[in-house]
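Shown next, in structure tokens, is the structure this report addresses.
Order of writing sets the labels: A, B, C and D. Residues in every chain begin at 1.
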Amino acid sequence: MTRLAWNGYGKAEVRLVKVDRNEAAHLLTDLSVDVQLQGNFESVHTGGDNACVLPTDTMKNTVYALARQGTVDPPEAFAERLGAHFLDACPAATRAVVTLKAHQWERLSVGGAAHRHAFARGSEERRIAVASVGRDRTVVEAGLEGLGLLKTTGSGFSGYLRDRYTTLPETEDRIFATEVTAQWRYGERPLDFAAAWCAVRRALIETFAEHQSASVQQTLYAMGEQALRACAEAAEIRLVLPNRHHLLVDLRPFGLENPNEVFVATREPYGRIEAVVTR
Amino acid sequence: MTRLAWNGYGKAEVRLVKVDRNEAAHLLTDLSVDVQLQGNFESVHTGGDNACVLPTDTMKNTVYALARQGTVDPPEAFAERLGAHFLDACPAATRAVVTLKAHQWERLSVGGAAHRHAFARGSEERRIAVASVGRDRTVVEAGLEGLGLLKTTGSGFSGYLRDRYTTLPETEDRIFATEVTAQWRYGERPLDFAAAWCAVRRALIETFAEHQSASVQQTLYAMGEQALRACAEAAEIRLVLPNRHHLLVDLRPFGLENPNEVFVATREPYGRIEAVVTR
Amino acid sequence: MTRLAWNGYGKAEVRLVKVDRNEAAHLLTDLSVDVQLQGNFESVHTGGDNACVLPTDTMKNTVYALARQGTVDPPEAFAERLGAHFLDACPAATRAVVTLKAHQWERLSVGGAAHRHAFARGSEERRIAVASVGRDRTVVEAGLEGLGLLKTTGSGFSGYLRDRYTTLPETEDRIFATEVTAQWRYGERPLDFAAAWCAVRRALIETFAEHQSASVQQTLYAMGEQALRACAEAAEIRLVLPNRHHLLVDLRPFGLENPNEVFVATREPYGRIEAVVTR
Amino acid sequence: MTRLAWNGYGKAEVRLVKVDRNEAAHLLTDLSVDVQLQGNFESVHTGGDNACVLPTDTMKNTVYALARQGTVDPPEAFAERLGAHFLDACPAATRAVVTLKAHQWERLSVGGAAHRHAFARGSEERRIAVASVGRDRTVVEAGLEGLGLLKTTGSGFSGYLRDRYTTLPETEDRIFATEVTAQWRYGERPLDFAAAWCAVRRALIETFAEHQSASVQQTLYAMGEQALRACAEAAEIRLVLPNRHHLLVDLRPFGLENPNEVFVATREPYGRIEAVVTR
């Protein structure tokens, strides 16, 4: 005898680009949208009865139609609006989780002036907004991913546990390179989602830059602590900081010193440090 | 006031290739190894004290050294051996989670005979083994990912919920294409990890092929059900089945019918169906 | 004063899946199609006059329509048919280059028997067919890419040029791992494109396996030589063989020998060896 | 009888990060380096004699050693220096082609001031420098790739050739999105490589933004023309402009108009327009 312990279904990677054709300047929003419904879908799984299933194709259509009928900014509010719609549209669902990821475009400047309708792709950093809308309660989270950060000094690693397989030399000065994923839950609703997001992001970045790092762990915690300090509505933050190792090249075989100048950037293996910081 | 609610750290993507140079034929194992320690590492995060941190560089060295000192087959047992070692090596850790992913190489045949030491890369399907080793209890999971499956008929989707945003036509005959991710937990230890893995994989594949599908959900559940039936030691299985849509091309503008013959394969958006099937 | 020195345009990555719904068993063809037109398109570039431009959207439609109206097998013949069509459809074009890449699907077996309509994704190796159709002359090429090959012995590298920056130790026994790209031009039309392709592929693989390799260069040349020997119609072959380094792990710090048993697979940097072998 | 018609070998994807630890502020250079030697290497291929082969491992070491012993800025000059070194180091070579790709890092600002040693990853645009150093003559090229550009208006496509497979509606107003690859050859050596590169890049971007586009071809040509005008030393430029289609979503089934507001961004298929513009 088997049974369905958990289920979720939806549409992923709905690519939505919206242009707000204002007189003064066009605004461009570029989103990847993910919708997931959870709930009482046993009859679909075990009986092949689709009567309670809102098709994922309909979810896709709905994303575009609701984008046309209202604003997509801020993404947290658009995620909530979509989630509420889907919960309403699908009675069997007990929860709708909508995740938005915003791709960056930067307005071009031409002849020193901001251009009205032309843009260049920004970095791979994506702003994240998640609304998990239930029948009773909605949880809103914000975040970012793909934010590459690197500092050329102000980072060491020493005094660690050693065993017979330890060969790593201690260092007081190394490159610290990472690609930040951060996601925080709002305990209360901020007045201004954009301002809250910017405050958290600034705290993360400035702490990374200024912190004298004894370990990735210590810097991660400091970043989380400052993020919560910067945004009173954020109740908890989860951070993932891969350690993208930059190894000092041994130039001694060629009669050369290498005073922290020439490094090889590596992709694998990499350290992976993660934690949840809460109040 | 903030505090550390959860933490984990380790080395990801340790690439290990082991050659067993038997007389008769070389055996080749190609693994990506992930190690994560969880536990009492508050002092690292909040105090910058590394005394209890086993460096991730040491984890990497250990993977290679333990691969040399014993067998890496079956991967479930190698994951357990690594996990037990790390828990022993790091007193602050309360849990070591080791995840192995095995890349496929198929022995070449030359002149009709199996070659002694030459291989061709197989498909992107990877066998997964996870050991989560705690002070009291170890959980072993097995799985696979990247298994592309497609059936050209035997799949329909109809009778679903409709709303004003529904445009999808009902169909009794469509392509069903997916890329299976499956991971199952062993309630008891199987006598033979390889045989158990093969039995589950065969059940998944054969059910996919034979099932007359009313929805991805229904086929997913049937696959999970048959997987648990095929392996008495598997207590629970989690399946993720993206729906890689193959859309029938509308050839009517060119005066042509298209009786389920010519399709466009799409990458985004895609349906995403997931569930946990348990006993 | 500037002028147009060369130009080409077309549609890339047209994804075509064709199902031949035979009684006995469905046949599945999965292609990525690339079309490029070259020719007298100066007025488009310099005058903004589109009268001679066949839209790339039309190219896409045509790929699907022609797939419906005839066979797509062998890919070389389908590429020729597409190329001839486009040259005909666009008088300003002097050449149409059509490139097909075939993705692999392997028929599933269920209960020991080949299944009628279910398939598993094969390896990332893709068969390539290129037709370059001009007003006077057509050139047909065939090839493959993404073919991963690895041998655990039968390969060395020694006796090379040394300078002050050379630290590589000589070896008589190393792993040789590569990912073959091969493309050959047919001087004459083979009777059977599939048979010719298989003969070249077999020659490449068997030579890789059997050749006692003094360098990637030497093995590449032997592979090219045997490929031309195996297929009389192939006039010339271009081979690219990245050297995917598998480095022996130094286990001496841990008191362990490593007799060519434990390796780290690396992605970057890699050697890149390429050559054209001709008659 | 077969013979070697052409050959090249070298090291690809050498990842070099150099930190110039100036008092005032650290400078960060992040390069991927590719080295290729061409020449008289027949004996290697056909005889297995490695005496004239400079190992690719030595090339890698040399990149790091030469980065330590001199400046890596501008990349064009570093590419020339590397190329000249390798030609000197390997008598059998007749040509050394060195390709550098620079990854972007942007200095962080903290509290409004530029930080001394912390950086954020920039966009995926990479500056390219190529030196092809022969015994008699050196050719230097510069370029860029991965530059995403998008304009929300100022682009149409109409008046094109139609046939029975044409369904594309004409439009006077569409999104034009692309990812520019550009590479130009210097006929003469510019006084300042960085200034020349910036001038070409600015011409490309500003022309894209300002040009009223009748087709991708026309805008591409205008970009090339203005690039050559902006840099007297550039003799020729090659441009590749994929047309990343943004399709207007049909919202009429939902009773909604869509006045160029809501689009779906697609990845495949895509148009691919390329040309060489010369003087």
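Things to note:
Just so it is clear, a contact is a pair of C-beta atoms (placed from the backbone, for glycine too) under 8 Å apart; a residue touches a chain by one contact, two chains touch by 3 or more.
Everything numeric here is computed off the predicted structure, so don't read it as measured data.
Comparing mean CA positions across the assembly, the chain most remote from chain C is A. For the interfaces A-B and A-D, the C-beta contact count is higher for A-B. Centre to centre, using the average C-alpha position, chain A and chain D are separated by 29 Å.
Chain centres here are Cα means. That of chain A falls 24 Å from that of chain B.
Chain contacts: chain A has residues 15, 61, 65, 165, 167, 253-254, 267-268 touching two or more partner chains. Partner chain B is touched in their complex by these residues of chain A: 1-15, 34, 36, 41, 44-58, 60-62, 65, 89-90, 157-163, 165-168, 214-218, 220-221, 224-225, 228-229, 236, 242-243, 267-279.
Residues of chain D touching chain B in their complex: 164-165, 167, 253-254, 267-268.
In the complex of the two chains, the chain A residues touching chain D come out as 15-21, 26, 28, 30, 61, 64-65, 67-69, 105, 108, 110-111, 115, 117-125, 147-154, 175, 179, 205-206, 208-210, 246, 249, 251, 253-254, 256, 258-266.
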